[in-house]
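There are two complexes below, and they share chain A, which is joined by chain B in the first and by chain C in the second.
Our next item is the complex of A and B:
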């Protein structure tokens, strides 16, 4: 098999404090180029922490990250600041709450994705390079935001549309890896499916490796081509969709749910 | 009494030119600070710059140069404390603020300066204004506005959404430090006209007023600059006729504008 694009080795993440919390406990996994992976688990199982550890965003929550993470062969946890920015620029990150700037137009929000790549000298010219502006338009149309809305303030968009802008913004980074942290948790079921289909299509068309966190078992089963189950910060399940027993899958990942029925 | 009587004095003409520069500069950097919830940093930097002024007098170095050195160094310190020290930004500012003022007062005493002169640095005084001071102010303003213009997009995103900026590989730390350093330069530039202790009001009040009304960033910026200039002109004219100090009078004018904007806003909502 090909070399993994992402290799996580003995990853442990601790949030220190009076009562330290071990959010991830000795996690090991390998993700190969082009995979579409769903990380499943209830809230508090460590899904967010896993994604936020991969690009070291978790450090800003004062987390202590131990172990090894290799992205494209580079040890992320040992990377210098410059290397880390380079790594981050290759990873498109999608947030549950979209993280669009409501006061700014849709197009400008999308162009943020190219900011880290537009060099300082280009920046001096005072405008985004024309090429980037056209890429932003194309990316937005691609995720289903029609051209006539690109000048609208992001505040005027619905939740689903904001998340599409979030995806277009990530695409502008020309990412090698997309990390989506509960991208549809704040959306209604129909919109959630529309957005999940965008992720699926990007993965199929361009082969961009994608890891999506989901708490919803229905969506997990519907979209995951490989499903990783997290519980209490440990991996308890890791199977390709073809090997998954539909009957027992929910119980395998989430355990028996008390008080139901 | 002619309305233009006040322009017969050279120092008043200089004060208006200088006031115009500060009136544009302060809210332009202020809008980034306010949106970033750094509203108090102007206060902290002003107090620290005062320590620099007093030290400059003690060792006979241009007080303005020393004030810049002090406040830029403190800007770095505040940012480091905030990022590494797990203290809130407010605590970091509070530490520097009180120690800066204390240091200034002790040094001033050692330098045997009269209270009047200190008073002028703290609250502004336009009578001694020289063309050279305005040139200095203009150079600082050109530098700050120039840098702001060049990095405005990056600052935008670091200001509005630090996490997304960080996740996409933007140098968030560097831009934060740059912003605080630009704020330090702005504070010191206002030393003669508004004074070190009151300049932070001009960083915050016009922006706060503008944000009540504006519907976009661009609109907020123009409204903030507009209301800041109105306050500066109103304050300078008021201080001349009332024989008060320009700094406090300008700040009170800005406060009046802020209150009017808020009253106007709530009246409109009551009608609607």
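Our next item is the complex of A and C:
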């Protein structure tokens, strides 16, 4: 096989405090270009921590990250601030709560994705190059936000629409990897499927490697091509969808029907 | 047996509680007795000389409008000083807010010092800034602008950084996740969230600055206040009234305009681009006009800078420690002035709050509406002018300070008391009414328990504000530590001014801290 785009080696993440929490315990995994991976697990299993450790956002929560993470051959954990910004600019991150700035227009929220490519002074003055503005319009239309809404404040959008803006923002980065942390957990089932289809299409059309965190087993089996099961901070499953027995998987990952485990 | 001990313990507890209660009451009475003595409060002299106050007002009437033409320039200067002071203050406040925010700067090494600096700025009262800047830069509006910009910076920074603590941290992560640098994060995730409250606070501070700007000339910092001093010294009372009325009108008009702008801003009315550019143009024009006509020159700024470094140097190297005792003594008097003044004001505004609200009692609408206007009118009269009037009545000393604070505070206390009464839950009131309780019983058991904690919290908050006022009113002769500053100022004894600062800053900080703690306890129960 080709060389992995992402290699995680002996990753352990600890949230310090009076009672330190070991969120990830010695995790190893390799992700290859073009894959569509779903990370499954109940809340608290370490899914978010895994994605947030990859681009080191977890450090905002004062997490201690140990081990090695190689993105495109570069050790993320050893990177300087400047290198980290460079790495982050190639990784599109999608948040559960969309993380758009409500007061800014939809278009500006999308253009934020191009900040790393725009000259520093230009970005501070808010004068984005025409080319980026056009890309932003195209990305928004592509994820299903019609042109006449691009000038609206993000506050006026519905949850599903805000998440589309979040995806468009990530697309503007021309990412090599997309990390989506529970992107549809706050959406209704129909909208959730629409948004998941956008991820699927981006992955199929452009071959952008995608890792999606999902807690919902239905969506996990519908969209995952390779499934990684997390439980208590450890990987207990890592198989292509075809090799997984759905029933035993659900029992192992989510516990029994009456919620024990 | 067990029952017995239980009962004994219970009654013991009851007695202990009663004892504690009486002890508390006794201490409170002692506190007030002490404070009343400290501010030389006696009703007989108020009654004896109180008549003189109205005599004074009588001598002012009718106002002398022939002086109006020569008052136009000071009036404009007042507005210019307020505009420029607010503008510069806002410019200085923004970086303080951003770099004092935990969400933006994750290193405590940066945000702690910034926050500490912000808090120190905030403790110095408006008039004290004026005194310091006049000493530093000489008489005139330039000193006023300097004082107002620091005063504005302190309040804008404080209020906005409270909003900054409440901004949504999530967009910050999103912008970080695309690989943006710190300044880009601030530009795209922090400022867009911060600007609305920032502008709101800037408008509010502009209102405050107009009030301060109108009177700070009394210590030589330009604007209307300078005319007021002259008129007062010449005992030209009709002109005094003219100036007071002019200030009053200015404050009310500015408040009205500011409210309009704020409403338009909050509702987010979409403006035609031409109108918007026009507005920015007017604003920029106003600032430039203020700049040009105030004749701020660099040599003065440099002199001011030298003065402040000398002051800091004097405080740190050779403080006038022999005056420390006196300064503390006078500061205590300032606290007493604030306590008695706030209490008087509270007693006066308590009924006003109920009368201005027609929520729960059947008060004629017309009465309630007119009662509501009283606080607004009182608020527009600056404390300093009241203090000057009272000094003319009773002579210099702490009593005029007490009365000025008592009257001026009615404005805010009355307004907020009414708001508190207005938003009480009506279910308990109805429950009592339906059980056949009398109006007084409803008041005692359904209304009072709901409003009392908030009233007390408001009282304490106003006390906090009045401590600042009481520590500077002495500059015009109304007792407290301000009188010491005034004396030191006239002998150019900067080391004594320095020692006053050393006493005022920690005291005000401690009061602010305690007040915030107690208020939080009271409101959260």
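Simple rule for what comes next: the second predicted complex is superposed on the first by the 249 of 261 C-alpha atoms of A that agree within 3 Å, B and C clash if a C-alpha of one lies under 4 Å from a C-alpha of the other, contacts with A are read in each partner's own complex, and residues count from 1 in each chain.
Following the convention adopted for this analysis, a residue touches a chain if its C-beta (ideal position, glycine included) is under 8 Å from a C-beta of that chain, and two chains touch if they have at least 3 such contacts.
Given the structure is predicted, the values throughout are model-derived calculations rather than measurements.
On the superposed chain A, the two partners chain B and chain C do not both fit; they clash. Once the two complexes are overlaid on the shared chain, A:73 sits clear of chain B and of chain C alike. Contact with both chain B and chain C is seen for A:112 once the two complexes are overlaid on the shared chain.
Applying the stated contact rule after C-alpha superposition, one finds that A:17 touches neither chain B nor chain C. Contacts of A:104 after superposition on the shared chain: both chain B and chain C are touched.
By the touch criterion stated above, A:146 is placed in contact with neither chain B nor chain C.
Chain B runs into chain C after superposition on chain A, and of the options 148-156, 328-336 or 346-354 the stretch responsible is 148-156. Taken together, the two complexes place residues 55, 57, 60, 85-89, 91-93, 95, 99-101, 103-104, 112-113, 115-116, 123-124, 126, 169, 173 of chain A in contact with chain B and also with chain C.
The touching residues of chain A, when paired with chain B in their complex, are 55, 57, 60, 62, 81, 85-89, 91-93, 95, 99-101, 103-104, 112-113, 115-116, 123-124, 126, 128, 153, 169, 173. Against chain C, in their complex, chain A makes its touches with residues 55, 57, 60, 84-93, 95, 97-104, 108, 112-116, 120, 123-124, 126, 166, 169-170, 173. Here chain C touches chain A in the complex through residues 106, 168, 170-171, 173-181, 183-184, 187-189, 192-193, 195-196, going by the rule given at the top. Contact residues on chain B toward chain A in their complex (touch as defined above): 86, 149-151, 153-154, 156-157, 160-161, 163-171, 173, 216-217.
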